[in-house]
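Sending over a structure as structure tokens; questions will come in a sec.
Chains here go by letter, A, B and C, matching the order in which they are written, and residues are numbered from 1 within each.
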Amino acid sequence: MTRSRAPYVLLLPGMVLIGTFLILPIGYGFWLSLHEFNGIVVGHWTGLSLYRRVITDAGFHQALWHTVAFAAIVVVGKNVVGLALAVLVSLPLRGVRAFRTILFLPVTLNIIVIGAFWTYFLAASRFGGLLNQALSAVGLQGLEHSWLGTPATALLCVSCVEIWRWAGLHMLIFLAGMQAIDPSLYAAAKLDGANAWQRFRHVTLPQLRPIIFVSTLIALMGAFVRSFDVVWVLTRAGFGTQVVVTYLYSEAFKFGHFAQATATGYILLVIIAIFAFAYYFLSNSGEQHD
Amino acid sequence: MTDPPFRVGFARAAGYAALLIAALQALGPVLWIVIGSFKSKADFLVNPWRLPHTWLFHNYVDAFVVARVGDYVWNSLTVVTLGLCILLVTAATTAYALARFKFPGRGLVTVIILVTMMVPSDVLTIPLFVVLRSLGMLGTFLGVACLYAASGFGISVFLLRGYFMGVPREVEEAARLDGASTLSTLWYIVLPMTLPGFASVAVIQAMAMWNDLYLSFVFLRDPASATVPVGLLNFFQRDSVDWPRLLAALTALTVPVLIVYAVLQRRFVEGLTAGAAK
Amino acid sequence: MSGKARVILGVIALYLATLGWHWIHASKQGRASEGTGVKLVVFGPSSWDGFAPGAAEDVVARVTGELDAGFRIEHPQVKQIVHDVRGPVADGLARLRNAEVAGDQLDVVVCAANPVNTSYARGGLIAPLDTLVTRIRERFTPGAVENFTVDGRIWGAPLSAVNLTTFFYNKDLFADVGAGAPKTFSAFQALVPKFRAANVIPVVHQGKNAWMWLFYYMSALAQATGNQQVLFVERMLDGTTKFTDTTNVHALQLARNWVDDGLLDAQSNELDETTMKSVFYSGKAAAFFGDTWDIPGITSNVTFHWGVFPFPQYDSESGHPEAFGGVESGLCVSATTKQPALAEAYIEFATRDENARRLLQPLGAFATSHKNIVEGDDEISRELRTQLPAAKFLDWIFPPELTDFMQRQMQAMMGQTQTPEQTAANIEAKYQTLVRAGYVYKPTGSASPAATK
């Protein structure tokens, strides 16, 4: 294997995999979205009219707005909480390693259980909701609220549950990144008189930049593309929590508008692409190395 | 250390407090599941939070004997292992190429991978049906494993690329000068040095594959091939969800997963620093 | 390479061996039986779509086995009958569609009347069954066949219990406040302060499942329109009457009164079916408005005396209370079957009185799809029978996009975040959007499906 051909050989397995199972279906799906299609029979050519219909649908606009708000909260939350947890479990405390496993627990949980637990937790106190019961127990009855039943707070709660669910994963990502930081950099900073916070700001964070980039990317994808589960189990996409993926699901499976649903999916792709590429070029981390 | 002892003590206490709070919120649902699994159905419905009236063990037996949870575990293990192997091989090679080599089309490949991460699976259902059917892989574990690998591909590549880029170049140059081929460098030098990262990716993807409901529901329709999440759906029967039995199944399933994670975590994610090369 | 590496390789080898076996094993499953004889597949899109639904697993297995054995005696060429009944109700449509698209063998489909009306028939998932059902029409009650008639054609043979919307109540709690089943809305209203004093929620609802809110609307509309609700709905759908018509708004207000007057818990939107039932079973709430399919769950979970009563009479309205319902499910023929004659034969066999009786008997239903099969003889069944005949579910008439929208609007209104006037206005606006996109209401009797896109 000569040097110049090496990268292409390396790329081959991956490209074959995604070529067959992702790129081909994406292309075919796009072709389908240009026709009338009810899931079984492909009808006549409709061109971009389905796209136009989706873009002008008020339901879609609402779903999009919710998704953007959701994504903003979730991406920031996952990164901040994940990083904080990673720092926390790297502290020189005894027994801290056990916590690494414990804090990863939510990631392993089945979504149905997560839904059941948080629904019960956030319910009204007379329905057995722990949070509201706790609030009234400490005298804060005024704060008692229908958390998942009110449009404003429902989306916030769903975002928080999503952050809670994945924080352990981001903790793991950051932890692995922190393990690879050269200890001599810390030693040098300490010699310069830097305290813990300064060491964090000037050594850890810069070294973690590529990891932060990836973590944000993952969080972004998760919020836009894989948010169906958490929204569905908590609120059945009601009360102001309809996001684009639940909207898509309704279109496809409740109403049978498969082609329209597919068009929605591609519009979503374009929107995420805009966000992702903007972030990619802004953070510039692709250019930093070699 | 130049910090006075008082501050160290305080910092330590604060650290422990923070950890405890974090642990409680992570453990909450798990405790709920475990406690619930020992209750009877009526007991659970009346108050899902309090301790069981009587501690019952039959839920665990029922979960495995009546609900045949063991079969689902076996199927899941098969698909996840297969998917993981495919994924790790393809993602590692691709990530290495992107991390270390400047070649024409590098930007294009990156963009393509990024784009494939942005399409929700619902949209691809029908096209995937067609593709798998033409390959004759519809309803097979291999087919679903490939789909799992493909869905986790983008994230894994970016993560691994990030970890690979953290490896000091001198080590690779040294190996190259010694006459090692690219693949050998990858396998013998780079991977051991990025083991924490590699292991994290493996763990994360394994988790995602294990918990995947959508792809296995749609593409593994045969009841005998049901994976764990699909099998758990069967607990949601017509009239009465047998929550305690479901929770027993979930406990029984989560515990081994946690043990595996804890073991892998200790061995790989911590303590194996990049200093080995120096 | 050390012993550790060898162990790892050994484990991998073991896995690969198992994978290989499973791969082959799984591949074989997907194909049709290669042996001699014919295989028939009976498909249930969700776990609700099987024989004797709601009965214990062993009972279901027994009656299904007996039916199949009988069929194979009559049709000896059939070597295998496979029943594939699984999955959550919400995913039934997706499961059916996926199975057909994948080219799985599907012959008979056990289908619920609701999706047949709202999606299966017009979606091309099942085949029309006019010839067969007309031939054996005598077996069924007239309403039962009506339930499976869409756009003038018959799409399935009914075979199930009849379900009915009804209130369920905790007799003990009602007795504690010195009351029996309330007959009028004002009588029920009078009980509210007494329930409050006893710290009991009068009525709860599974508000999180938006689709259940329509029951309140339908019941109110029936009384507000003097029991002409079907006609009224048809006029709204063909544009003669607006959704903002005073009668419609009035009906919405009547539904809303349940919450405003303190009967229905204002935070019912937090509850799904599990949490709502747990509130009822544990005695925190005295009643809920549901459907007779809830009965098996209640009988197996409840520790107090319970009963049913019909939707109360609104004092101000001319119409009398109506119970909505119909036949729950039946047997249809898949659109992709390669053995339509055999599928029809199975359906004909299963719906014969003697066979249907065996399948329906475990349900102890108060009424069934078959004229000659009437089971349940207890107090509850007798009470329910007095509420027959059941009125047609109105959401079978609305197009699915509008139904979905209306459910969400009802949910918001009953959660007290918008007024009935606003709700009506929103629905009218949505209806107009659909009309602009090409929706035209086609009343039953026409052969072509209503254009909805």
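By our rule, a residue touches a chain if its C-beta (ideal position, glycine included) is under 8 Å from a C-beta of that chain, and two chains touch if they have at least 3 such contacts.
This is a predicted model, so every value here is computed, not measured.
In this structure, the chain pairs B-C and A-B differ in their number of contacting C-beta pairs, and the larger number is found at A-B.
Using mean Cα coordinates as chain centres, the one most removed from subunit B is C.
In this assembly, the C-alpha centroid of subunit B lies 37 Å from the C-alpha centroid of subunit C.
Between the CA-based centres of subunit A and subunit B the separation comes to 15 Å, rounded to the whole angstrom.
In subunit B, the residues that touch at least two other chains are 47-48, 126, 243. Looking at subunit A, one finds that residues 39, 116, 120, 128 touch two or more other chains. Residues of subunit C in contact with at least two other chains: 91, 94, 101, 274, 278. Residues 12, 15-16, 18-19, 22-23, 25-30, 32-33, 47-49, 86, 89-91, 93-94, 96-97, 99-103, 106, 109-110, 112-120, 122-124, 126-128, 130-131, 135, 146-147, 149-150, 153-155, 157-159, 161-163, 165-166, 181-183, 186, 194, 196-197, 199-200, 203-204, 207, 211, 213, 229, 232, 243, 246-247, 250, 254, 257-258, 261-262, 265-266, 269-275 of subunit B touch subunit A in their complex. Residues of subunit A touching subunit B in their complex: 1, 3, 6-18, 20-26, 28-29, 32, 37, 39, 85, 88-89, 91, 93, 96-97, 99-114, 116-118, 120-121, 128, 130, 164, 168-169, 172-173, 175-177, 179-180, 182-183, 207, 210-211, 213-214, 217-218, 221, 224-226, 228-229, 245, 248-249, 252, 258, 261-262, 264-266, 268-269, 272-273, 276-277, 280, 286, 289-290. Residues 15, 18-19, 22-23, 25-27, 29-30, 47-48, 53-54, 84, 86-88, 91, 94-95, 98-99, 101-104, 274, 277-278, 281-282, 293-294, 296-297, 300-301, 303 of subunit C are the ones touching subunit B in the complex. Looking at the complex, you find that subunit C touches subunit A at residues 91, 93-94, 97, 100-101, 119, 123-125, 201, 207-210, 267, 269-272, 274-275, 278-279, 284, 400-401, 404, 408, 411, 415, 417, 433, 437, 452-453. Subunit A contributes residues 38-41, 53, 58, 116, 119-120, 122-124, 126-129, 146, 148-151, 235-236, 238-239, 250, 253-257, 260 to its touches with subunit C in the complex.
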